[in-house]
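Both of the next two complexes hold chain A, though its partner changes from chain B to chain C.
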Partner chain A sequence: MNMGVTIAGLTVTYGDLPAVKDVSLRLEDGTITGLVGESGSGKSTLALSLLGHGNIASGSVFIDGVGDMSKMDKGALRAVRGAKIGYVFQAAQNSLNPLLTVGKQLLDLAKSHGVRDVRGAHPLLRRMGLDPDRVLNSYQHELSGGMRQRVGIMFALVLNAHVLVLDEPTTALDMITQANILQIVREVHADRGLTTLIVTHDVGVVAEVASRVAVMYGGRIVECGSTKEVLANPRHPYTRGLINAIPRLTGPVDVAKPLPGTPPTLGTIPAVGCVFRARCPIRMDVCSAQEPEMIDDVACHAVGVTAK
Partner chain B sequence: MWRIAGHLTRGLAMIWAVTTFTFVLIRLMPGDPVQVQYERLIAQGMTPDQAESATAITYGFVPHGPMWKQYLEYMWGLAHLDLGVSVESQGVPVADRVFGALPWTVLLVLSGILISFLIGVVLGVVAAMRRSTMVGHGLSIAGSLLHGVPPFVIGIVLAALFTRRWRWFPSGGHFNGDEVSPGFYYDFIGDVAYHAVLPAASFAVASYGGWLLAMRSSVASVLGDDFLLAAELRGLRPFMRFRYLARNAILPLFTVLAISFGLVFGGSIFIERIFNYPGLGMLLYQSIGARDFSMMSGAFLLITAAVIVANILADVLYTVIDPRVRRQA
Partner chain C sequence: MIEGRGITKAFKQVQALRGVDFVIPRGGAVSFIGESGCGKTTLGRILAGLESHDEGRLLRDGEPIKDFRPIQLIHQDPYSALNPTRTIAQILRDPLRLRGHPFSKAEELLSLVGLDPSYVLSRYPHQLSGGMRQRVVIARALTVDPEVLVADEAVSMIDVSLRLGILALLRNLRETLGVSVLFITHDVATARYVGAEGELYVIYRGTVVERGPVDTVLAGPVHPYTQCLLSAIPVLHGLEVPGPDRLVPDEPLDERVEPSGCLFEPRCPFATPACAQEQPLLSRLGDTPQDHACLFPARRHVVAVPAR
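Up next, the complex of A and B:
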């Protein structure tokens, strides 16, 4: 099944303020795309818009074979969510009803989508190294963070969704569990031939699982491309900043240079000019006057200059 | 299991404290009621021995002798549900009177609480879901309006309006003994309900606002929980999401329910007096007026026990619906 996702000119607002502004991005069928950026850059808002959630002011989110999520009515959205596209929350967030067992909530999911048979949950849970009978009889508070995350993935995929969105799936987990979850994401992605978007503030996570990466800042995608290329040869100053901020396990600690300044909040994102200019080491006059266009997968005036 | 054992222990300790308190009260009251009765009986022509044993039957202990011995006799009687006999209506065992009155008070309290709980919870959900509309604001105002007004004030207003101004409802009694006789049939149950409507409504009107406001804020907080967004993103049917919401939102209200039982039971003293409704509260009121100390302590004891039982029941209910508590138990 061919199920890529095309996001075109997407703007999502809270009140009047855009948290995602004029974003265009293609998630190729069968790839894992990483969406990376500091907290508050609009990643979750963008991820949720893939399920048609949020106030989509303009633009479209087209899932191949399903349709434009931004234009569907409530009933159609409900049928697609969970069945064609699955969403996984951060482990620390409580994405399960605390009063019902996992199994009972699984039945509710099946009933909601008119599905009778959810035995597919068993092999899926076993595949992720869990004991299905035990897990289905458990309540949320009886599961560890890593188990919750696997249960979240099970819920997202049990009805055979082909598009998988994971929002910070490894945040708040310990290192070993993080590695486990990423391994599982890689495996189920390959097993099922999914189109996956993994949202993270951690460039390391992207490097580990994603074949493509999009870098987000102030509600804009500022750079995208294949993970290998972007990480080896970052062109946008923000991408460079993110990569330089990673502490290495080898070598002196002072090699890691944290990004100076703080990311803007919704109210402080500049309306004109480049959103990153306040923290940019190579800003020019044009940066405050004009917002850089996305040219050749990067949106930066400085990059345009050197290319010319 | 341990929780219930804990409740029982605390409950027994409370009953012990209350009974000890009433014992001390009876013994140390100015004008010593035990001595007063003893002397009155002698004045009526009894021999000291007869008077002493009659007084002993009334209070459950021999009026003369060391205090600790009186206390032990009193406690020993209580342990056998012997609450003594009424001072006022001589010879009537207190236990018969208070246990006879108890069901009527329970009827009022239970129906009052259940009605106000149901109304308040339903309106609270609506108020939370329609927060920013006229309906939502209107409900919140309606909820705060009578919130904090004591039930007896409502009772006085209702009694004045519906038993005096308009004689729509009877002005006292459990049922009309001239027209129906007790039994499990429509007319009798209807008449009992007819007599209980106003007193129960006083509780309900006074407390529905509290439930409304509590439920509204509880719903509002659960609405912000991630699991509801997760349920929406999984494409769960709206009515299922509503069920998830309602069950999670109502949970914290059950702890309040236990407390409210106690308050309403206490409040029944006034309500039953206002509506001339012969329940436990009325009994307590009358016994205070008549300085009928054995009756007073019996009624007091039973009210305490009822509140404790209500607390245990509310806790059991809580345990049944919250798995986080259930599995620990």
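Up next, the complex of A and C:
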């Protein structure tokens, strides 16, 4: 019962300003896709559109077997959110109710979806290396950051959702806990045959878990493809700059180079032309006049010129 | 030269630091790495004079430290480290006056940290990007002629494409001003960028378990904890291949357990009965090029290596 997701020509606005503009992306059945971008790139807004959240000005978010999230009314959205699409929110470790035990919150979730049996939480928690009885009887302050993150994943999947969205799932965690959570994401994804989207600013996280990657900048997807291919041969100058800016553990230290300039905010994204041109080392005249089209998974005027 | 000898600190029953020795040479770089809760931040705060310690001594050129002005802290969060109601000029004016510097020095320092004084001085913190704010925080620390900058996760809240710029700045300050940098992080690659030749201290439950030049420790860590920590760093598949001896701890950290022998013994994949008996001290047992606290040191290759 796999479900893929097709996002087509999606524009999501805050007021008049598009945080996501004309984005098309396909999440194939049973794959993990990484969505990488800096703050303000629109990655969380795009992820929320999978829940039908946000002011969708145009385009569609079609989930196989569920329908177009952008056209659903409130009641229909309420029924599918959580039940078909599991969402682990940014800072999930801080988004639990401090006044209720995890078990009580689980019962609330079940009640709001008219589900009576939530015993599925037990094997799920056990699968993630937790003691279900202890966790369900705990308040959030009694759990560590990594445990709370796993509780977030349990809430997302306990109603048997088949599309899983994780927004910055490891950001506040240290390395060993991060590696552990990523391992869990890989295992749960494979066990349940999910379609997973993982949103992050960390190229390393994508490299560890995702088979495909989409790179966002200024509300656009500028490049996508297989993770290994994009990391080994990035074609968009932003992707290349981002990967070059990662400090390495071996080899000459100065291989890593800072990317000049600053990422745009919602108010400073240029309305015409390429959104990356202000920071681009290979910009041309056409870049300020025309927005590049997505051709062969890259949106850059110069890609034919610079591809090696 | 700043030195700490046998620093201990307990928060109620929790032993945060169990006798840590460290040396920060003039103009040098020293990094503390470890999991969250290992005591690295507490050590930085003690050094900056923001936290008391129970036992041990803090020395500056051999004399006990009374005035903590030469040790300045760069906070993790540049969004809350600056007063939102004051312009950058106002933020820099008071500490400059305190040290008897003319206000013109503000322009000099802002240029030094890579900001345009004419743009920045009249602005409020909210009008600047995260990267610019962190540069202002660094400029403010420099107003009081510090000898050591304590940078506690100083780039973890900065956009990925801007991080390297801040790290490069810290490295340059070492060269141009002779300021030493104590870099506290869980991201070893950033520590290496600030000073590959500097000393790396791997801290576990309030003790130093391995200490040596960054590149020596990365190339051949001998303590299983260091090996687990380095194994957890995401591998950039496509660009890198995982190290052949990658290691995962047997158990998650349980701070309630207080082992009588080696503190890492309950989680160690190589633990022997002897490890549960004896608490190893920092030494060069087994003729290793770096100091370590393990009864059975063995070099393992855990760090990812470049593909091809």
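The rule we apply is simple: the second predicted complex is superposed on the first by the 300 of 308 C-alpha atoms of A that agree within 3 Å, B and C clash if a C-alpha of one lies under 4 Å from a C-alpha of the other, contacts with A are read in each partner's own complex, and residues count from 1 in each chain.
Here is the rule we use: contacts are C-beta pairs under 8 Å (C-beta built on N, C-alpha and C of every residue); 3 or more make two chains touch, one makes a residue touch a chain.
Small disclaimer: the values here were computed from a predicted structure and weren't measured.
Superposition of the two structures on chain A leaves chain B and chain C fitting side by side, clash-free.
Once the two complexes are laid over each other on the shared chain, residue contacts for A:Ala190 go to neither chain B nor chain C.
Of the two partner chains placed around the shared chain by superposition, neither chain B nor chain C is touched by A:Met284. With both structures placed on the common chain, the touch criterion links A:Ala256 to chain C but leaves chain B unconnected.
Using the contact criterion defined above for the overlaid structures, shared-chain residue A:Gly241 touches chain C, although it does not reach chain B. Annotation for chain A, partner touching more residues between chain B and chain C: C. In the overlay built on the shared chain, the residue A:Ile295 is in contact with neither chain B nor chain C. Contacts of A:Thr227 after superposition on the shared chain: chain C is touched, whereas chain B is not. Using the contact criterion defined above for the overlaid structures, shared-chain residue A:Arg78 touches chain B, although it does not reach chain C.
Minimum Cα-Cα distance between chain B and chain C in the superposed model: 14 Å. The part of chain A that touches chain C in the complex is made up of residues 38-39, 129, 145-146, 173-180, 182, 201-205, 207-208, 227-232, 241-243, 245-251, 253, 256-259, 262-263. Only residues 48, 51, 53, 77-83, 86-87, 89, 93-101, 108-109, 111-113, 139, 141-142, 155-156 of chain A touch chain B when the two sit together in their complex.
Residues of chain C that touch chain A in their complex: 35-36, 129-132, 159-165, 167-168, 186-190, 192-193, 196, 218-219, 228-239, 248-249, 252, 303-307. Only residues 225-227, 229-237, 240, 244, 247-248, 251, 321-324, 327 of chain B touch chain A when the two sit together in their complex.
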